[in-house]
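All chains are identified by letter, namely A, B, C and D, in their written order; residue positions are counted from 1 within each chain.
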Amino acid sequence: MSRRPAAILLVSCPDRQGLVATVSGFISRHGGNIIDLEQYVDHEAGVFFMRVEWELDGFALDAGTLPQAVAELAAPLDMEWRLYFSDQRPRMAVLVSRHPHCLLDILARVQAGEWEVELPLVISNHPDLEPFVAPLGIPFHVLPVTPDTRRAQEQRMQALLEENGVEFLVLARYMQILTDAFVARWPGCIINIHHSFLPAFPGARPYHSAHARGVKIIGATSHYVTAELDAGPIIEQDVVRVTHNDSVEDLVRKGRDLEKLVLARAVWKHLQRKILVHGNRTVVFE
Amino acid sequence: MSRRPAAILLVSCPDRQGLVATVSGFISRHGGNIIDLEQYVDHEAGVFFMRVEWELDGFALDAGTLPQAVAELAAPLDMEWRLYFSDQRPRMAVLVSRHPHCLLDILARVQAGEWEVELPLVISNHPDLEPFVAPLGIPFHVLPVTPDTRRAQEQRMQALLEENGVEFLVLARYMQILTDAFVARWPGCIINIHHSFLPAFPGARPYHSAHARGVKIIGATSHYVTAELDAGPIIEQDVVRVTHNDSVEDLVRKGRDLEKLVLARAVWKHLQRKILVHGNRTVVFE
Amino acid sequence: MSRRPAAILLVSCPDRQGLVATVSGFISRHGGNIIDLEQYVDHEAGVFFMRVEWELDGFALDAGTLPQAVAELAAPLDMEWRLYFSDQRPRMAVLVSRHPHCLLDILARVQAGEWEVELPLVISNHPDLEPFVAPLGIPFHVLPVTPDTRRAQEQRMQALLEENGVEFLVLARYMQILTDAFVARWPGCIINIHHSFLPAFPGARPYHSAHARGVKIIGATSHYVTAELDAGPIIEQDVVRVTHNDSVEDLVRKGRDLEKLVLARAVWKHLQRKILVHGNRTVVFE
Amino acid sequence: MSRRPAAILLVSCPDRQGLVATVSGFISRHGGNIIDLEQYVDHEAGVFFMRVEWELDGFALDAGTLPQAVAELAAPLDMEWRLYFSDQRPRMAVLVSRHPHCLLDILARVQAGEWEVELPLVISNHPDLEPFVAPLGIPFHVLPVTPDTRRAQEQRMQALLEENGVEFLVLARYMQILTDAFVARWPGCIINIHHSFLPAFPGARPYHSAHARGVKIIGATSHYVTAELDAGPIIEQDVVRVTHNDSVEDLVRKGRDLEKLVLARAVWKHLQRKILVHGNRTVVFE
């Protein structure tokens, strides 16, 4: 985590000779000191990915002029790019239903100042978890969803998110399926936690399925939400060992800790601007 | 691993009050000193499982009289049981195709005396791995398989296994599907290693599928072979972390070490008589 | 986790023939249905350990008469024993200093009802964390400690614990060393979390030491507190992978999640009455 | 693993602005296509580390002219550097004593062609393992060591290594301590496996110490050998869970698999030229 203001540039483009030299030369030429650079080439797809972070102290361009300069650098290389500044705290919304564990874990991290993030609101389709959120002074919006009201409620949600300047959403065991239309408005910006080691046990009740199958390890998967259920680009996974002796209730208990941890790691990577999405895969830099 | 001769009794039966007392009382009454006892009750299914191991020194019954006594104990309780003696080394056959890593790992363990097992023969559908086996003086039988010859070759294999007094089979990346008829003759006696974290990626080329899906963890699964492909009772699983940077070739490389380890652990548990099968699940005692 | 009232008996004694039969026979004779039994023999030390749990429905003895009956069973066998009833919720105190993460994790579990426990008070040597505790209606006692006031403050603490009927203490990153006299009053009843993989890096600033040594894995250790610092019987440990790229600050961040998890697992095992202490080692049943 | 011939350059130098641009610009200017680049800055020490790999196809310099060009690039930047060519297979010696498991694991990898390496000889202070090596046609040299003969035997060993053009040594549970003089001749070129999670349990009989301490996890550590015993820069570590139920013999058994795996991973990283040593720490690139 850099303390002095830094710029972070994420790029991807068709692979060709000289890309690292071009981008690092650009930064160097304007007096930037690179503090982190990671690159990856998908040789099969012929795509180049890079994340580079440099200090703004002594750098000749500022937040006003840098985007245009990057755009000019990127255009001839067919480069997609995103630019972030480390001193701008992203604004995150959390969506929940009735399971408190992921929400409480996120609230604890926010309270303790572990994450450089703003949490202007929590949204739920149930009122149950409001008592955990209200004492912290964070607005808790209840938007109950039925098949008939789904679209209307999503519009209200979209309005709330826009009003609050939200940049990305975290589904902390939110048990509603978002419509394709909603998902399409937030590409690479909705992080979900699924309580299985995907692609095993997608959909509902994965712990029951895992128990029935007699697996010796259970997992949790955090991924970006796409139109297809539980099939979006995976950000992070982890597992925990179970035995024949673990009932479904035990799997649920062990799984809760896993879900919290995997979701928190995914949010951390997202906040660090370490993730690039390419098709259905993620590049997650160290 | 017990050094002095011991008896090992595995039982399962409908759960009822007093089962531990009945079995431990039986052993105690005949002067047996229990050195290990583990029990598990599947409360949902109402089934009791137990493994108990006791020293034969000072025990009133011997290998000749004990089976009958156990049978009389078991009958009124509807108990299924298996009885083993720690000084009888089981005889194992290994089946391979072209991948050497699991075979070499098993051979190393046998050579180094890690396992209390006899390995009277290795069977393969290809001649490729013979040079690894022949120098050790272990017969290597090549039984090539085509759709037309499958049944005939399985009959030859069955004959070889019987001639050699084989008790159980290890499929060390054996790339042929055994017929239902063959599998039915070896219930709970064929241990396979599948190179994925089942039930994810069953069938062929799991590393390619894992790479395409963009998972962050790959796994291996050892299970008893049943009629349904890659769906038998799971004995052991383990995983290893991968990143976007790992090509399919890297997954294959990382996976090899996992396959060796998971298969070896499953064989170890089988040799220790620690596994009971119930439906499609295993009870694997510590 | 048993739902119907159950008795849990933990015993240890010199190993001899017939112990399982004796104890299970006792339960069976009085009409008890064993729902869980685990035993372990330390063959080197010649000590037998057992945990047995049985339903009280239909059992001939009750909370009033059972202890005496167990005492009579135990005496001739030189058996140490502890008896618990699953419907009696233990009372736990949490001690903290300034790091909030372990405390917040515990509070979240208590709030969410994950643990069958009462938390009548939190004690700290600093006022900093009061804002996290007060809103939950849990008394937060500030007992600042200096070398001169240590004994007096420990006496106040002891009084508070007794008034609140506390059974065991959790040191959730409590940064004060307890006196031998205090520790001696709570044998096997103080659970600490140390932020290293003991016995590596005992004492202060283990993450700094780990970074300086260049380890590739860091750990956390939960143990019972004894007179010797960071040397008590270990209950649970876990680790997480780190790289050269992780600064001390990164180790602290990764370690926080580990500390929370390892401490929570240790408390869970303690609450389940799954732990027996023998010398400086623990027997932790599954 | 690159298939087409590639150059690999490892550099470290005082950190300064423009280093990535300078090196990547150099490669780019001579027509090199970078296929992998990783860099790391130790901000505390102010040291820059980089590994860059590029294809030699179409590159203007060859194995004859490249070293001089790199030297000219490096000099003004106070850069230490090493240059490798992917089509030159390094030559490795293995040193063993009596434990066969690590040796057998290495032999299996060499036999199966997993590693791009030559193994011209195995050296041991005992004759015991010769039967595992001789059938493969690999010379096995027995150099028994006593305090009196140590220096003379090390000189013979040094001569053997030089005759065989050995580039690095693997101590596969070699139970002799090498003299400082010998170690000094092979800086960063001797890879050892220690059977504990260093810095816990250095020296002899770590499994006994781990058992006595009652740890819940055991580990293995691969490191470069330096003058101080078990204190050299750590390359790789891993762990496995144990319980109270595991005897010292069980720890030894579980540990063997860990030792094999950790040593093999360290050798793999070394072969991939992914490791830089700085003081007592390693930079191990992905």
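One rule holds in what follows: a residue touches a chain if its C-beta (ideal position, glycine included) is under 8 Å from a C-beta of that chain, and two chains touch if they have at least 3 such contacts.
This one's a predicted model, so the numbers in the text were calculated from it and none came from an experiment.
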item	value
Homomeric contact subunit C-subunit D: same or different residue positions, threshold half	same
Most remote chain, CA-based centroid, reference being subunit D	C
Centre distance in Å when subunit B and subunit D are each reduced to the mean of their C-alpha atoms	36
Centre-to-centre distance between subunit B and subunit A (centres being mean Cα positions), rounded to whole Å	42
Residues of subunit D engaged with two or more neighbouring chains	43, 243, 245, 286
Subunit B contact footprint on subunit C (complex, rising order)	17-22, 24-25, 27-28, 31-39, 41, 43, 241, 286
Complex interface listing, subunit A residues touching subunit C	1, 100-101, 104-105, 108, 111-112, 114, 132, 135, 243, 245, 249-250, 253, 256-257, 261, 264, 286
In the complex, subunit D residues that touch subunit C	40, 43-44, 197-201, 213-217, 219, 233-239, 243-245, 247, 280-284
